[in-house]
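Letters A, B and C mark the chains in the order given here, with residues in each chain numbered from 1 onward.
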């Protein structure tokens, strides 16, 4: 791979006694979209949440194995330092309702107590909103609260908020499952465009979406990484029987 | 890890520690109050304390029997006055979620609940003490019943609102008229919530002193006449506490112990009723 | 509710037109009972409204002699002299204001801590359950008992502090009554605060964590701003309680009708002056006290209505968020 952004080695995750992830081994290169797909409950959301250690917020959650973000051991770092390097977009758009659009984009800086000059912040806001393909729609209402935005626009705002931190990797947890088809395609186009500037890990239960936007796909089933490869190859000639069955809709 | 992050993590720890400390510290008054009431109260309580009338100062002994009886009488009186009206008004409100009159009634309930008890005492004085030219148990009962009313109305309304519609439907489908459905099906099913409300409001007024200061007024002697002043535990506590005599101070603690036990008892029973008698859907 | 609705419930109203002819006798008997039932319900509801108005009217009418004599100067009159029959309520307005606000100020850090402790850090477990029960017990203890406890445990402490500071060691006064008030309103405002804190949606907190915030930063920047109106409403309602609180304050405030010059001075609140003087008052004295009662009633009512209204809005917003 070009240069590995995320490297997962023999990684397992537990909720108390339950083992959710079993010995996952995965590497993602830079400026690619890697899709994690699989039936519900297979562990793909857990995996993505282990990358930015959000999984730990639930009491009783433990992990084994190694994860490296570029050169850093994810589990040896201070979580709040780690999370600043990783952007996350959630299933249901969650902009902060008490903050204006402007403040939402720079929320990462505000919450972390990082003080920047006004013009620096202005630049960041414009850059991030442009990157999320939202700038033209909100440039005149930056100081209004974001609640008037549509679902799709709110999700793009959340993407802008994540991009503002210049993350080394962007995690997207089923970002379009709460959106209408039109907004979904807008976000998918955005993901393809964003590839040029950021590496992404995309969890999706929508096989077609994985096929449309991702370069690599990992098929996870019952906590195991069943197959991993380029999207093209996996969707045309899957190596594992389970992958084939999932792709043809036999389960999930 | 840089300095800025270290400071942030430090702030996080300090905040957490402060919150925990303040929260735990807040329990101190409770522990202190309960400790002193128990320690000082139990020292005074004996059979004589519970069954004798107060003796004039200078004489040893005596008890708070009249206060206990007075409190019981006041509770019964105010319940008789407030429960029927409260439940009925609560049924009215539960049947109407919209409507100008219903909203006005709700507003009045909110205002009544927030009215200071001493103001209600003034009103009861003007209505009953002044015309009869005498402090009386009746006026005390009226004042306390006004205070019980909002709690009973609210809990009745909320309990009945929770009753699922299919319960009404089943009864109506059998041809039972609507009003009978309410009286014979909905009300009995919701009895635990309504009873809880009543018990909680009783717990609240048992400890009330302010409205009694110029209605029931207090009485050294036993009194069974509703038109004459009557003693009560809270009043006796106040009277003894503000006096200069240490013997009476000790009695005040004893009476407080009884009062706290009664009030907490009502609260516990209310909670027990809410849990044990609740009909699950 | 009209007859069509009430006979057989909501579902059948449109059938009544057709069922008229055959069922008339039975229907009219049931109708009568229905109507009587609804009538009784309505009367009870009306009674509540009438009671409310009667209370207000009684207060106004009974204070008319005082209103006529003193008018609005009542509010800034500084002397309260029963012998001279000259009454000004400023000392009590000040007493109420100062004690209530001091109580709220003292109470806020504690009740916020409890709210955050129970609503965010420790939502489950034995100790939080114990804390919650303690708060309920504290809330149920009658005011007069707080007063008793304050008289024998708080007063000596305050007296000692006053001696140390070289002030007249009254022991009672504004400071002592503010302290006891604070202790009394902590349970109420803490449980309100906790309810409001738990209403903050989990996905907002998650978004903040995912951006790398510490727990403190999430609380400070997401939870508190989101819960802000609920917290303020809780404070307002607690203020309403504090203003109307009578017994404990009466026992610990020292019963002085002069304007207090420091927090160590004895004073009186609107509620405590009524408690101290009304039983024996007659004539213009009584009317003036009732005038004070009227003011007290209006102030607490306004504060309570605003607080209740805000809480209702907050609960409504929260239920919308869930969907």
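We adopt the following convention: a contact is a pair of C-beta atoms (placed from the backbone, for glycine too) under 8 Å apart; a residue touches a chain by one contact, two chains touch by 3 or more.
The model shown is predicted, which means the values in this text are computed figures rather than measured ones.
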{"item": "Chain pair, most C-beta pairs within the contact cut-off", "value": "B-C"}
{"item": "Distance-to-centre winner among chains (Cα means, whole assembly as reference)", "value": "C"}
{"item": "Chain B-chain C separation of Cα centroids, rounded to whole Å", "value": "15"}
{"item": "Centre-to-centre distance between chain B and chain A (centres being mean Cα positions), rounded to whole Å", "value": "55"}
{"item": "Whole-Å separation of chain centres (CA-atom averages), chain A against chain C", "value": "48"}
{"item": "Residues of chain A touching at least two other chains", "value": "80-81, 112-113"}
{"item": "Junction residues of chain B, two or more chains touched", "value": "8-9"}
{"item": "Per-residue overlap in chain C, given as positions that touch at least 2 other chains", "value": "214, 217"}
{"item": "Interface residues, chain B side, partner chain A - complex", "value": "1, 4-5, 8-9"}
{"item": "Of all residues in chain B, those that touch chain C in their complex", "value": "8-9, 11-12, 15-16, 18-27, 29-30, 32-34, 36-37, 85, 88-89, 91-93, 95-96, 101-102, 104-105, 107-123, 125-127, 146, 149, 153, 168-169, 172, 177-183, 203-204, 206-210, 213-214, 217, 234, 237-238, 241-242, 249, 252-253, 256, 259-260, 263-264, 267"}
{"item": "Touching residues on chain A, where the partner in the complex is chain C", "value": "52, 54, 57, 79-84, 86-88, 90, 92, 94-98, 107-108, 110-113, 158, 161-162, 165"}
{"item": "Chain C residues touching chain A - in the complex, by the definition given at the top", "value": "201, 203-204, 206-214, 217-218, 221-222, 225-226, 228"}
{"item": "Chain A to chain B touching residues, read off their complex", "value": "78, 80-81, 112-114"}
